[in-house]
Amino acid sequence: MSTIKKIAVLTSGGDAPGMNAAIRAVVRTAIYNNVEVYGVQRGYDGLVSGSIVEMNAKSVANIIQRGGTILKTVRSSEFKTKEGRVKAYENIQKLGIDGLIVIGGDGTFTGASVFGKEFDFPIIGLPGTIDNDLSGTDYTIGYDTAINTVMDAVDKIRDTAESHDRVFVVEVMGRDSGLIALRSGISIGAEAVLIPEIEVDYDAIMKRLDQTRKNKSSRIIMVAEGDKDGGLVVAEKIKAKFPHYDVRVSILGHIQRGGKPSCMDRVLASRLGVSAVEGLIEGRRGEMVGVRGGDVAYSPFEKSIKHIDKINTHLTKIVDILSQ
Amino acid sequence: MSTIKKIAVLTSGGDAPGMNAAIRAVVRTAIYNNVEVYGVQRGYDGLVSGSIVEMNAKSVANIIQRGGTILKTVRSSEFKTKEGRVKAYENIQKLGIDGLIVIGGDGTFTGASVFGKEFDFPIIGLPGTIDNDLSGTDYTIGYDTAINTVMDAVDKIRDTAESHDRVFVVEVMGRDSGLIALRSGISIGAEAVLIPEIEVDYDAIMKRLDQTRKNKSSRIIMVAEGDKDGGLVVAEKIKAKFPHYDVRVSILGHIQRGGKPSCMDRVLASRLGVSAVEGLIEGRRGEMVGVRGGDVAYSPFEKSIKHIDKINTHLTKIVDILSQ
Amino acid sequence: MSTIKKIAVLTSGGDAPGMNAAIRAVVRTAIYNNVEVYGVQRGYDGLVSGSIVEMNAKSVANIIQRGGTILKTVRSSEFKTKEGRVKAYENIQKLGIDGLIVIGGDGTFTGASVFGKEFDFPIIGLPGTIDNDLSGTDYTIGYDTAINTVMDAVDKIRDTAESHDRVFVVEVMGRDSGLIALRSGISIGAEAVLIPEIEVDYDAIMKRLDQTRKNKSSRIIMVAEGDKDGGLVVAEKIKAKFPHYDVRVSILGHIQRGGKPSCMDRVLASRLGVSAVEGLIEGRRGEMVGVRGGDVAYSPFEKSIKHIDKINTHLTKIVDILSQ
Amino acid sequence: MSTIKKIAVLTSGGDAPGMNAAIRAVVRTAIYNNVEVYGVQRGYDGLVSGSIVEMNAKSVANIIQRGGTILKTVRSSEFKTKEGRVKAYENIQKLGIDGLIVIGGDGTFTGASVFGKEFDFPIIGLPGTIDNDLSGTDYTIGYDTAINTVMDAVDKIRDTAESHDRVFVVEVMGRDSGLIALRSGISIGAEAVLIPEIEVDYDAIMKRLDQTRKNKSSRIIMVAEGDKDGGLVVAEKIKAKFPHYDVRVSILGHIQRGGKPSCMDRVLASRLGVSAVEGLIEGRRGEMVGVRGGDVAYSPFEKSIKHIDKINTHLTKIVDILSQ
């Protein structure tokens, strides 16, 4: 029989659409299993400062459709110190909490891993980040919404590109990963997608721009934030090669993190929230819960954190074929 | 070396968002491989009547974001007769077409299977239907858009449900399959999801409605079209049990088929369109191309047509847990 | 100097997008003017039962973008009785409330008018209804959102109509008024718009359907709920005249009331909420505040309630011209 | 009787959502009145180069919902020279065109005014610009869509602002006018709106930011492009005053021009397109057609071009009141 009687949930790192759906699933699954549940405000900072409040089914009513996180989130510095973590543990002890669920990305799981070992404390992680750059899961919560947001924005930009026969260079989020750029790039019919994982072949891009001029009135180059050049430089290079082109740059920025979560993100968040609580009850700890090949799968924090190249080469090839 | 030099593409059955993205991918992949490509108007009817026009890269410019199908679609009756299929074959022969790509659902592949065997003709199918009720692929083109459309509609209905403390019974598409109801139901936090694949436990539903009254100001029951009762009867049953409830019915109807495709549907359609042409060139025939576990996979028409229960029991359980 | 020190706000009748923006504006304008402000739950029912809670700036944080009404709404029966209104007045007296703001439609203002005279109590009304069927204002709060919702839904339906060469008959809200049907009909390029205010000329409609067959692959007839035939009968008539047409009906239903308010509705609700409180402070009573020709304008409840024909004949003519 | 037998239509300047709806209305109204109609490609450039094609009802089928302009648009330099205009006139003469309709903004009407006088040629203008900065009309085609696009983007940004307790400075389009910033600012509940028409009172803004800290977890400052400081500098000033605030900047950029037009923009474009053709037929020339107080109104190009301050002081006051 499970010894888990009281758990807490927090969100940490950058916010991602679907975090609220995950919080809701955690809270309701806990209640379903007669486990008390607390919400920690502002990520690990709230653990350290003791901003921890009891939650019930009503606390999470009507939030499944909302972007952001009702628990708020920060990138905590105090939790990175031993003193901070000791305070956090004391707060947890005081309330009798015997399990923790953390929703976030790479940094969140690093913190959870350290804390879990230090105090021998059961923690399960949920992948909540728009970047989709975690091993151990095919998709992270927030990724599907983010690529749809990018797609909708570029659909709008294309109207102008079409009307003015322009080339647009669009820079999207992804400091270390081109996954947002790659899928959204395919979805909007990009001429080329520049991502940090693959070396850029400017000759090929220029050749293609030249060739497609007749067939296409709008041409869009997607650039991941982590590209070594970045959107502005890419635009300059195109301009240098084709001075007669009307080239514009658009850096999409913060709209990519927000918005109401897509259906896929809500379902994913609900599944993982349920499985996180069930995992804790079954005695799991130090693991992230994700989906692989359609099924729920757990993997140790160490494996989730380690960045594995998730770029699907079938997708990069598709960009080349379809930009004809 | 491939003998495929000239192919045709058509859409058949009910339209689905992403069909245009699939057509675009087929046309551009053909051109990329120096294969000529024709578009057949109005599904199999166009094959029979000879409404077949040459396509080029420009024919499919600026369509990736559009719902419906530029090739139009009908449910053909003439193609179901031997005479019709003979005419179709003659038209194909006349133009020198040596391969066919059909985008549609169950009925589409049945026709393709018969025709392919009858005339020993190479055909590859793409799963294009909002119902997601085909074996051989985890997702069909159009499904993700449809569940997002349902979700958006119910998010709107919930505003009214919340404001008036109402119970809403929402009926969604899916004559034989509850897959639309199930995922969209989770995404909007349904109290219960009634689908043809699972026997309905009205006692449990009534009990839950009674229990959740305090925690929830809006309560929504999702009903698949294929449910043996249907939305109106379900509402009457609730009303009979709880006469003081304000119960309303909404049958979402035709909006579920249209709209601009989601990012996932555009990427899926692009991948499958590319792989369909590549499959033909590699000598494949009589197969549907889908995705399984994230990878492209081919399966014989017979296996794709045969309806296999795709209901994920993890998802049905989630509905119960999260409706607390 | 104003004698208004404490006011209450409520929403009544059917919910409409922008009601929350109006509540927010009322609350913040009261605070800005050092007036205490209370929120009444569930419309006039809450007045009768005493469900009245104090509100502050934080009560209305983060609601401007939400559909429905956080104060909830019912169509009250008790307030229609003298006993009910006496109870309501006693509750108001008990809290020392000296002014009331009601957000709703025709029925809401009728109640306000009776109550205001009966107890000589200052009340200002805000037009909150998707129907736009009130005199004294060019637009009601919720109308712009509703016509955009209808338009988005029909844009989706058109994808299917185009793909299948269908005629769609779409029935939209408006029991007494064709204003939703008329504007949304123009926005989606309807062949004809059938509204209660204008006698239907079926001969002209049939002639047009016949003529436009060649130029248009999708044809849509908009029908207001208040049309004497209704969508189903209209479809039957078309089918009887043109048996070879593929005619479908879509009744949009409850999605039309919800959704996040449009920019125009939020701005309108904000302006009217500010002006309602300012009006009360200036000593106004028994009036509805609206916009006319771009400016805020007050009119007595009697004049607002009286239904005046607001159908712009320029718009009905446009439907005829543009359906060529 | 009218002497107008053949007209041409063009779009010029920056593209705006609703231009296609306007083109559609012009073409269909011409046909309705038995007037032949031509489309000029790429604005005045197309007049000069003779890129002029005949249009019919089918040319404008299925475009009412599309952003951008199917006729394309450029900012022409050749038309600014006498030689260019002579060529344009010769092309018009060659085709027997006896009336011209131009859709665009300030620069478009300046060109039309010069050309119309120079060759004594009948021209009617339609206000097509997202900036709403033209006299003679309450609203320009594209404005309503643009403010809704800004609102939707900031609704997304607010999710992140809420989750991280951040202050966001959002810069929106409007080089000479704060109209986009003002209305969209009210719609998203901005703390302050900085526009070129009104001197910025930084002391008041800082004071408000300080005061609202407790009531609001997200605070957003809207800045029009034409503000003398601009978004980046505004953010620096806030940061300098409140170093402990987490302040971010978002420059929305090109997404503001595109997207499918709102209902209001489609109806406006339809009305003005009809009235433009009717005006030409009635013998009008050298005028822009707009709406004032809900009715169609014509005004001479000179009056439309002259920038009159359209800032509604009721709206600026509302920002102050509601940011409590």
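As written, the chains take the letters A, B, C and D, and residue 1 is the first residue of each chain.
Everything that follows uses one rule, which is that contacts are C-beta pairs under 8 Å (C-beta built on N, C-alpha and C of every residue); 3 or more make two chains touch, one makes a residue touch a chain.
It should be emphasised that the depicted structure is a prediction, and the values quoted were computed from it without experimental measurement.
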Practice item. Find the geometric centre of each of chain A and chain D from their Cα atoms only, then give the gap between the two centres in Å, rounded to an integer. Key: 36
**Study point:** chain B and chain D: spacing of chain centres that average the CA atoms, whole Å
**Key:** 39
Exercise for review: Hunt down the residues of chain C that sit against at least two other chains at once, touch-wise.
Suggested key: 155, 158, 162, 217
Point to revise | Chain-level touch network, classified as line, ring, star, complete or other | key: ring
Review point. Could you list each pair of chains that touch, in label order?
Key: A-B, A-D, B-C, C-D
Check your understanding: Of all residues in chain D, which touch chain C in the complex?
Key -> 24-25, 28-29, 31-32, 56-58, 61-62, 64-65, 138, 144, 147-148, 150-151, 155, 158, 162, 183-184, 186-189, 212, 214-218, 260, 262-264, 266-267, 270-271, 274, 293-296, 312, 314-315, 317-318, 321-324
Point to revise | Parts of chain C lying in touch with chain B, wherever the complex brings them together | key: 11, 14-15, 17, 19, 66-69, 72-74, 149, 153, 155-160, 162-165, 168, 217, 248, 250-255, 257-259
